[in-house]
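Pasting the structures here.
Consider the two complexes below, in which chain A is the common component and chain B and chain C are the respective partners.
Let's turn to the complex of A and B:
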């Protein structure tokens, strides 16, 4: 029973974190129909940013996530303005290749600047702390990251559904020309969406630095899982991303413990294939 | 007309410069040695250390150093003034790239030999290229025993294999059970799902079967995993007395941190060639790196007592990386040092003659714990030898064999919440 609760909580926490990592990707993909291949590298940059803020200024990830979120907002929006925008409307593969190029640049830039060494931010306020929930040992840094991910996803969902800017984003996603006719500056919306996408992964990366080693390859598997989350949840749907992420977290955790650890990612991708076959638009896609 | 005349002058200058530079290259006495390591990808940190280790050997072979009892150091270059020049390639941790880079280095760059590839999975296809082309392939830290069981003629490995290490781990468990009454009867294996990890685990299982130890957990994991919760929970549920680990780099640090978070540890935890041997990773883990164990052919602490001649070479390496030599990367230094000695003994740059010497002679190696290197048929260094260490406060303390031990084992692994 102890292990069941432990596996359940681990799965939910990992799922919530995947949710926030994937939310930005989902938004960009859903609104702009652009696959951001640099998403994993944005996560890596966020983690390096938080790590260096912690090392140089001594600011804890509990606070520095604000700075990493803001930095990634501008980095992502800038990437759209100066790279992605120029590739939209050209060859079909151009935006995809542009973000792929950006991912290679970011990874190699960090490799060159920071070496491939694995860096762990030590001395954080939550380091090594655990909480006991129904007999399960829960890492506090991970728990805080998971709870904050859920809060952020709720805020993002509220913003898209209930605010004026959110409605403009939805209108742009549904029909760009009609939105422009209604006076929506779609170019600004695209920049904003890219920025918000970066901000989500920036905040996730900021928190994750409190328990995960930072190195140039850290984003690779996270971005792959984020793609699965988006496709499973439905493009552009934040609740879809959250549900898919929690489902993936649970499948990964239960398959990893009750079948075999080596099967955890096999089960995740098998689930993805099954959903794509049965419901290609994803669980919450339109 | 003026433009045309300028173009002609420019062309003449260009021809002159090219002629002079090619003449100077032709006059230069160089031996090109290729290296193939993971400069990028998940094992990049170890790969870049390996490159620095080979460069260390180039430094003391090409230049003159007043080091007593250190072959080739007191002489400048090889043969009658040849200098070694490295041609580096990055396999990114991908076997197919290692293979194509080996082909490029031998056929296009014309290297005399290749040193590589750190990852056993990459050393395997790259050395197959060498065998096909009848060129020398020197292998340092790739530990898969299978590499030297293929009967290759041009493949030479200096490090101990995971079979040798497993046997030593088994011997140590037997010693603890007999001498200390530890009653270690169950084994867990956690290893990356790769050529290296799978072979290490296979060797671990063989030793367990031989000793009558029950394998209660067999856990391969995905390299670069986002978390290791399932893996550690599975280990915790099986609760083995001993764990053999084969996790590199970031996976090693994630494994250690997840074990801490789960508040679980086996009574002893012994590592193959993994993140345990990397001082940079242990420095990042800080106090959490303590009490883990591993097989090692070198550590700064061992060198202070048994390998004093290696210490000046370590300083060259430290200047390049900021860290002392580690048990893995030093094997790449040994590779080039031994190859250079073989070339010097052959007296000529002829692959067959150098191979013959590598096969038949014993080499002095101040950078090896045994002090010697000699290759058995198949290319395994028959003098390869490791000790078992335990890390405490970032210092490697030798605990086995008794003739090398400088410390008592801290047993069992202290509970995380009671430290």
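Let's turn to the complex of A and C:
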């Protein structure tokens, strides 16, 4: 029973974090119908940024997430301006492959500069602290990351549904030309959406540095999971992404514990295939 | 009048293509007989890789380029072929030929079984489903002890011979083998290009609904293209295993390997006969060159160049080298239309 609660809580925490990582991707996909293949590498860049801020300035990830979020906002918006925008509409999958090129570049740039070694930020304020919840042992840095991910997702959802700029984003997603006729500067919206997508992953990466080691390949798995979460949740839907992410997190941790650790991602991807074959547009898509 | 002119241009183009094609084979074949041209040198290694990757890209091009179904899952079929050869050599200690054939047939059957449900998905959903398939296969192969698990299969060192398709002292045999593979796969594509299947595939790519309304069974065409594509990719995988003397899951069944199929084709020009060859002929030597000449800058620099090249290509000319050739007017008017897909003229 203890194990069950432990596995359940682990799954939910992972799920919430996947939710924030995937939210940015989902937004970009929903509004522009572009898959940002460099999403996982943005996460890696965010983690390195946070790591170096921690090492050089001594700022705790609990605070430096603001900086990584801002940095990734500009990195992501810039990569839209200079790369994605120029490849949209030219050929099928051109933006996807262009961002794949960016991901290779970023990964190997970090490999070249920072070596392939695993780096774990030590001396953070929550390091090694645990909380007991119903007999389960929960690491505090991870718990804080998960809770903050949920908060961020709520903020993002509120922003898209209620604010003026959020409505402009929705309008652009529904019908670009009609939105332009209504006076929405869709080019700016696209840049903004890319920036927000990068910011989400930047914030997630900033927090994750407090419990996860950084290395150049760290983003690869997260980006695959994020793709699956987005496709499962239906594009552009933040609540859909969160539900799908929680489901993926639970399947991952239960399959990892009750079947075999190596089977956890097999189970995740098999679940995705099974769902998408019955509902080709995902669980919450239309 | 115009139409007649067009068909004349087309047959002329075909003639030029045929001459180029036969000339290319003749040059590549002649290298075997020139003493010193092929042997132990790294140039031979680069030539073998160019021929291998061109063949891989061409096998992908059948489904992705001609039929318009962009799959990121071809490393699965590549891996099945590699494991077919590896199992025959290592586990059964026999000649690899039966294993290669078995691997290719298994790959074709698997591709149909996977393609059947996946072809219901469109666009990005299809792409992500194929990513997921690669991950599943890669991880299952990693823990499957019968086929060597994570350690993979290490080839025994045996005497060089054609019957085992292994050479350790020089690369002439591999070069000949790669050339045969190259001619075979490009020959198959050359053959179907002007046959019914080739036209059906292009019709499905242009518009599935339109093609169906004209009586093309799009599912059947897509599955045929998939099976053929997987069969040929598996043959390349078998060659890859024989060439590297070993096979393990991350080496063959990874997303990076899948992307190689896609990127070389796109770099050269998707849906064109010459594209895969041009892509491999530019990319492979460039990569081998940058890896050695930029090594002083530290690890990963060649991959950074590769990444920048992809970005540049997608931003500047997503139709690849064939698109550039058309842009600079090296191809004629008709070809320009074909290569750039521009219907405005």
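Please note the rule applied: the second predicted complex is superposed on the first by the 286 of 286 C-alpha atoms of A that agree within 3 Å, B and C clash if a C-alpha of one lies under 4 Å from a C-alpha of the other, contacts with A are read in each partner's own complex, and residues count from 1 in each chain.
By our rule, a residue touches a chain if its C-beta (ideal position, glycine included) is under 8 Å from a C-beta of that chain, and two chains touch if they have at least 3 such contacts.
The shown structure was predicted, so the numbers you read here are calculated from the model rather than taken from an experiment.
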{"item": "Chain C versus chain B on the shared chain A, clash or fit after superposition", "value": "clash"}
{"item": "First, second, both or neither for A:265, with chain B first and chain C second", "value": "both"}
{"item": "First (chain B), second (chain C), both or neither touched by A:273", "value": "second"}
{"item": "Touched partner set for A:217, first chain B, second chain C, both or neither", "value": "first"}
{"item": "Touching partner for A:190 - first (chain B), second (chain C), both, neither", "value": "neither"}
{"item": "Contacts of A:120 with chain B and chain C, given as first, second, both or neither", "value": "first"}
{"item": "First (chain B), second (chain C), both or neither touched by A:111", "value": "both"}
{"item": "Partner chain in contact with A:95 - chain B first, chain C second, else both or neither", "value": "second"}
{"item": "Touched partner set for A:103, first chain B, second chain C, both or neither", "value": "second"}
{"item": "Chain B versus chain C as contact partner of A:284, first or second or both or neither", "value": "neither"}
{"item": "Where chain C runs into chain B (options 27-35, 81-89, 207-215 or 243-251)", "value": "243-251"}
{"item": "Residues of chain A at both interfaces, chain B in one complex, chain C in the other", "value": "107-108, 111, 116, 220, 260, 262, 265"}
{"item": "Chain A - residues contacting chain C, complex", "value": "29, 33, 35, 83, 86-87, 90-98, 100-109, 111-112, 116, 220, 224, 227-228, 231, 260, 262-263, 265-266, 269-270, 272-273, 276-277, 280-282"}
{"item": "Interfacial residue positions of chain C with respect to chain A in the complex", "value": "68, 70, 117-118, 120-122, 124-125, 127-129, 131-133, 135-136, 139-140, 142-143, 255, 259, 262-263, 266, 270, 297-301, 303-304, 306-311, 313-315, 318-319, 341"}
{"item": "Footprint of chain B on chain A - complex, ascending", "value": "3, 6-7, 10, 14, 18, 107-108, 111, 115-120, 122, 128, 130, 137, 139, 142, 211-213, 215-218, 220-222, 225, 252-253, 255-257, 260-262, 264-265"}
{"item": "Complex contacts: residues of chain B adjacent to chain A", "value": "40-42, 44-45, 47-48, 193, 219-222, 224-227, 229-231, 233-234, 237, 249-250, 253-254, 257, 260-263, 275, 280-281, 284-286"}
